[in-house]
Amino acid sequence: MNSGDTAFIIISSAMVLFMTPGLALFYGGMVRRKNVLNTIMSSFFVAGLAAIMWVLIGYTMSFGTDIGGIIGNFQWFGLNGVTADPNPDYAATIPHTLFATYQMMFAIITPALITGALVERMKFSALFVFTALWSIVVYYPMAHMMWGVGGFMREMGAIDFAGGQVVHVSAGISALVAAILLGKRKGYGMTSYHPHNIPLVFIGTGILWFGWFGFNGGSALAANGLAVHAILTTNISAATAMLSWMLVEKIKRGKPTMLGAATGAVAGLATITQAAGFVPVWAAIIIGGIASPICFFAIGYVKNKFKFDDALDAFGCHGVGGIIGGISTGIFAQRSINSYARWDGLIFGDTRLFTAQVISTLITIVFAAVGTFVIYKFISLFMNIRVDDREELEGLDIAEHSESAYPSFLGMD
Amino acid sequence: MNSGDTAFIIISSAMVLFMTPGLALFYGGMVRRKNVLNTIMSSFFVAGLAAIMWVLIGYTMSFGTDIGGIIGNFQWFGLNGVTADPNPDYAATIPHTLFATYQMMFAIITPALITGALVERMKFSALFVFTALWSIVVYYPMAHMMWGVGGFMREMGAIDFAGGQVVHVSAGISALVAAILLGKRKGYGMTSYHPHNIPLVFIGTGILWFGWFGFNGGSALAANGLAVHAILTTNISAATAMLSWMLVEKIKRGKPTMLGAATGAVAGLATITQAAGFVPVWAAIIIGGIASPICFFAIGYVKNKFKFDDALDAFGCHGVGGIIGGISTGIFAQRSINSYARWDGLIFGDTRLFTAQVISTLITIVFAAVGTFVIYKFISLFMNIRVDDREELEGLDIAEHSESAYPSFLGMD
Amino acid sequence: MNSGDTAFIIISSAMVLFMTPGLALFYGGMVRRKNVLNTIMSSFFVAGLAAIMWVLIGYTMSFGTDIGGIIGNFQWFGLNGVTADPNPDYAATIPHTLFATYQMMFAIITPALITGALVERMKFSALFVFTALWSIVVYYPMAHMMWGVGGFMREMGAIDFAGGQVVHVSAGISALVAAILLGKRKGYGMTSYHPHNIPLVFIGTGILWFGWFGFNGGSALAANGLAVHAILTTNISAATAMLSWMLVEKIKRGKPTMLGAATGAVAGLATITQAAGFVPVWAAIIIGGIASPICFFAIGYVKNKFKFDDALDAFGCHGVGGIIGGISTGIFAQRSINSYARWDGLIFGDTRLFTAQVISTLITIVFAAVGTFVIYKFISLFMNIRVDDREELEGLDIAEHSESAYPSFLGMD
Amino acid sequence: MKEIQAIIRPVVLEELKEELSALNIRGLTIGQVMGCGSQKGWTEFYRGSEVYMNVLPKVRVSIVVPDARVDETINAIIKVARTGEVGDGKIFITNVERVVRIRTGEEGDDAL
Amino acid sequence: MKEIQAIIRPVVLEELKEELSALNIRGLTIGQVMGCGSQKGWTEFYRGSEVYMNVLPKVRVSIVVPDARVDETINAIIKVARTGEVGDGKIFITNVERVVRIRTGEEGDDAL
Amino acid sequence: MKEIQAIIRPVVLEELKEELSALNIRGLTIGQVMGCGSQKGWTEFYRGSEVYMNVLPKVRVSIVVPDARVDETINAIIKVARTGEVGDGKIFITNVERVVRIRTGEEGDDAL
């Protein structure tokens, strides 16, 4: 066991945990005032539910002994048998408990990401059930298939450094499917839903960016050159994506916006996630540079064209970003940077990794979409998933939680 | 000296420091708009006052050579003699200066916690004096008795991993006593004091949770398996407590609330603090699970019954949580997890630790209550402790600081 | 390579990065509601622009092989040749890539600091160009001269632990010059510009203080006793400066303010930056203690006297604080604390360091002032630097970004 | 001229603007208010304590129109704002003696 | 009917609501305003600079009542809002020509 | 007495206060409102989507003055608020039947 690595991953765990409140703020600032608390809560409660589930069944289903390349067995139920001794299968220099804790944070933020597409109209009780089922049906298998020993995507050579596919693609696609099933918010297309508090969005952005150092850097699972490489590419991608979003806005609208810069940065972070520990620095510039124009197109055009109501662009930002990242990894990965990759990327003349990446991305898309569809339909047999019209008008803070975000803000009491 | 451990505790120090602004926001969002800045300031100024006092006299009074089991001597006055060499009495692998710095952060946040019970009516000058005296009369002895070599609670075998007793019980009880002495806010029971800005409360919650990894994890004083164990139980307890608070609300009120989820998480964090590095993972689930119902009961019933005005529930959340944590440690601690404990907990068939925990908790309660009472009465000989009625109506931001929180928020200038 | 040191500097990098959003909030809360987003954006976009520039040319120009004591050559263009192997010239125990990444964060926050003087009236496009040019003309040479091997200030024995001079003096002086050239805001002296959201300022303050542990502590470039010493002096200086600001306000105005306490803390942090790893603990108390009265005087009197419109006191706080810190280092530095210093400070009887500090401070002032003047005049040949009167009245959020900070805050939609 | 002051639910505002603009009534001024009346408030919960919100957020729309257009304006408001449930709000009509358009100094109906 | 517009200190609002409801006057509309008058403002300090706040936060309560109830309403307001110190506020009474209850279309005193 | 209600651009507020105080008119009440009229709004952009803001922030200043001072007040407002561009705002004058100063109970012009 190495104390430097352990220190690094403990702090990284805290940083990734911090991203969930960060995301809650990022999302919370973007909704209308009457839905703020419901939106924040929708991300935040996952830090409760998914944590407990992870300890009980999630970790073992994700990283336990492989069953059919799809899922882990129950050997570590309730973290039994997970001790302070390192598990060399996953991280040879840190306590096994730490690896499990660090991974817990990913299991928390992933379902929280989905909620961005569902806010302002979904019942909280339905979201609660959805999150529990989605973790079991989609997340644990995804984590196992990609990262678990014996997982079949891992076996076929697909690589995902910090969860571009396990986290972002799976959440983004699920968000899209659920948003379509849930239907549009009242007045979609007629009324404009502008954010109620952009500084709040910005606070969230700052926390997310900060936390992403733990997310991508920590995924090296050691405080070594690879971790440094990952934070460097991560920061570069965020920077380029911020600038390229601003550029797109400047060209299309005449002026760059603050919300745009923040959105671009997050898109750049989501996009590099899969690639961070595999691609050279110059490739990170390219990856960040293309992330924003493509996401901008997905958010500003595709969404309007197909008229699905991905309220806060969980798909447009994380889903699309994740897919770009997965493909880019297949293009730019270099074994000399990280020999966990079995082959070099397309640009270095080898097609095998690229193929594996494309296939695994497609599988992820199909898997997440089908899983989400099934869960959604299943839940709808038992309960209303959507609030009724009146509650939607009134706002979900009152309707679902009987509280309001700024009850005495005006100072009239 | 170990660089991994040093890295870990430096960052942990920063994280615990960060909790004080986090607490200020947590509290600040919960008061009415006219008292926001005074509330924030009441936590924040402690980061100035308690830090200086710590360096001058606090550290040596807490950790200096024992005098009578109660207090340390002045050998390290002004940190003289505290060098980069480790002090094996407290932390063998990190600089002694780092141990002193890390402990400083605890000496800062503890008095800040108390202010939650006193806001919206206490004079700032009185709070300033109170904080200085309380640090000397209550905090340094408490820290010494529990953690200092020769401290008598430590000698009798009581254990407190990260300050459940030194920080939370002592602050919570002091808050209760001071709140009773200070009296209720005007209109208590008639007017409703609802928060002015729940997203602000939430920002504070996020920072507190993040920082608590440094608070409880760092208390292992090394980046080792024990630190990992502590962050794992910490996170689990927070998660369970959040869910159990939501459950209580669902049962009693029909709907879970955002503020409730945040309160539950903080209660879970406060409760596990004493136990984090001693109890098994499954016990953390239990501890978190019972924390919220009990705190809910204390806040929603006991407080209303006895009609003391613990404005932001410093007692109901930290005091009560701390006491639960102290007792729970006596029940669930396991020597195999951390041999600093001399005996196993009650559930493993040994009553000695349990007895020590109960006694030390009682002593802490009495000590903090008497200390606070004496200080309060002493101060009231020299100065008004409470603002006058008119200032209370006007709001303490204007009355005490001549500024307002959102002076041009309405954008009319 | 040492994993503890690496862990420490990776996290420190994240913390320093986090300071830029923190600064954006600190500044953003202080402007009027109509200029919030422009102000935030002015700090935040630098995290994009300066990061890319740093990777491409900034690092090599700052730390590449010396040319004439002034600037580095292009050997590491695009970080080519910067690998995971340590570069013993700068940091012998961490990857060279990490040193470059860590330094990147300083290159980001420095230009962001300047914007505090320019908000509420500068065109965003002009700021964009200004930031790019300023990085090249002022920052890279400054970093090289002070920290680069062969840099002439370094050669003459001047010392700057964490950027008091490279960051704070250079930014503060540039802010002053640019603010004078830019002219006052409309209605300066007649209207009062009060902040729109002080809790937002406070969130920024909390993040800045937290991040400063990475800023000053990380500048030891290893998790060792020196890093601990630096965070200890840093925290003490912040604490004393907070208290001394409150004291000044109490004396001059009768009441301490929240914004004052926050300003004092930041002034204390800025002031100690240059000295943190060189001066004894007791000196940090003095340095923090004098920082606030002097900055208060600069902000409350000098500014009003000379009627330049340093809107958010980038000069009054960082410039003045930085200068105090530079001189103080010459007075209080002690070789026994850090033998990077060639000589002891004045108070220990040696004048050489003091002389070097005074000279290097003067050079920095002249260099930054002239550089900024030239850049400003150059840009004004091609574009308007200031928005027109109408846009200034309307607010820069709408005028420059077509968005508003709290579009639906009132909940009327 | 008359000032028509309508206290309505915030959610109907958007529709009202459209309805009025269809009638070619373009000038209006909106304020955020809190109201109480026969409508019951709601109960909010803060940390286990019930807080009864007896004032509810409403929007106050003020429209100054020539006397001849009062009725159609009222009807337009009723059309969009009526849900039939308590809390739909009220319309108050007061007399306006003079109107001045600041930009031009015009007075009377021309100024509207 | 008359509209009684009272500009009062924010702190008396809660009490006023109770007082009026004791009189069985349940309908009212509240707005947040800033006012200036004979009352002096206060000085705030931002980073060592004095800022004189010449407008102070007030609450504007508007109550429309039948003519017969004007006096008792005024008295109720005075009762709770008077402290005797400058800044207690003003009451303005204007005539309301018509009142419509949106929910039912009722007009006149019935609509209140 | 008359109530002069001026809907103006927020930026002229400061100047208006000075102008009125030069005329020795010290009492006024200010509210934040949103308005629409002939002035076109602006387009804001949120994540690539255009949002047309058809209501613009305005300030509503209400000044109650004795009948004799109405004209000079109107002129003062026009003086500072007129830019000549669409959106300068409107002034509405209504009759106020009674004024009561809460502090003293004074009525009529004395109460202003």
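The letters A, B, C, D, E and F name the chains in turn, as written, and every chain counts its residues from 1.
Keep in mind that, in the parts below, a residue touches a chain if its C-beta (ideal position, glycine included) is under 8 Å from a C-beta of that chain, and two chains touch if they have at least 3 such contacts.
All figures in this text were calculated on a predicted structure; none of them were measured in a lab.
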Shortest contact path, subunit A to subunit D, counted in steps: 1
C-F against B-D, pair bridged by the larger set of C-beta contacts: B-D
Subunit E and subunit F, separation of their C-alpha mean positions in angstrom: 18
Mean-CA-position distance for subunit F and subunit B (Å): 51
Mean-CA-position distance for subunit E and subunit C (Å): 50
Per-residue multi-chain contacts in subunit C, two or more chains: 2-5, 7-8, 11, 15, 191-192, 194-195, 197, 203, 253, 255, 257, 259, 402-404, 407, 410-413
Junction residues of subunit F - those touching two or more other chains: 14, 30-32, 34, 44-46, 51, 94-95
Residues of subunit A defined as touching subunit C within the complex: 2-5, 7-8, 11, 15, 32-34, 191-192, 194-199, 202-203, 205-206, 209-210, 213-214, 217, 222-229, 231-232, 235-236, 238-240, 242-243, 246, 253-259, 261-262, 265, 281-282, 285
Subunit F-touching residues of subunit D, taken from the complex the two chains share: 3, 17, 26-32, 64, 94-103, 105, 111-112
Subunit F-facing residues of subunit A, complex: 192, 194-195, 249, 252-253, 255, 257, 259-260, 263, 296, 299-301, 304, 313
Residue ranges of subunit E in contact with subunit B within the complex: 11, 14, 34, 42-46, 51, 53
Residues of subunit D defined as touching subunit B within the complex: 44-52
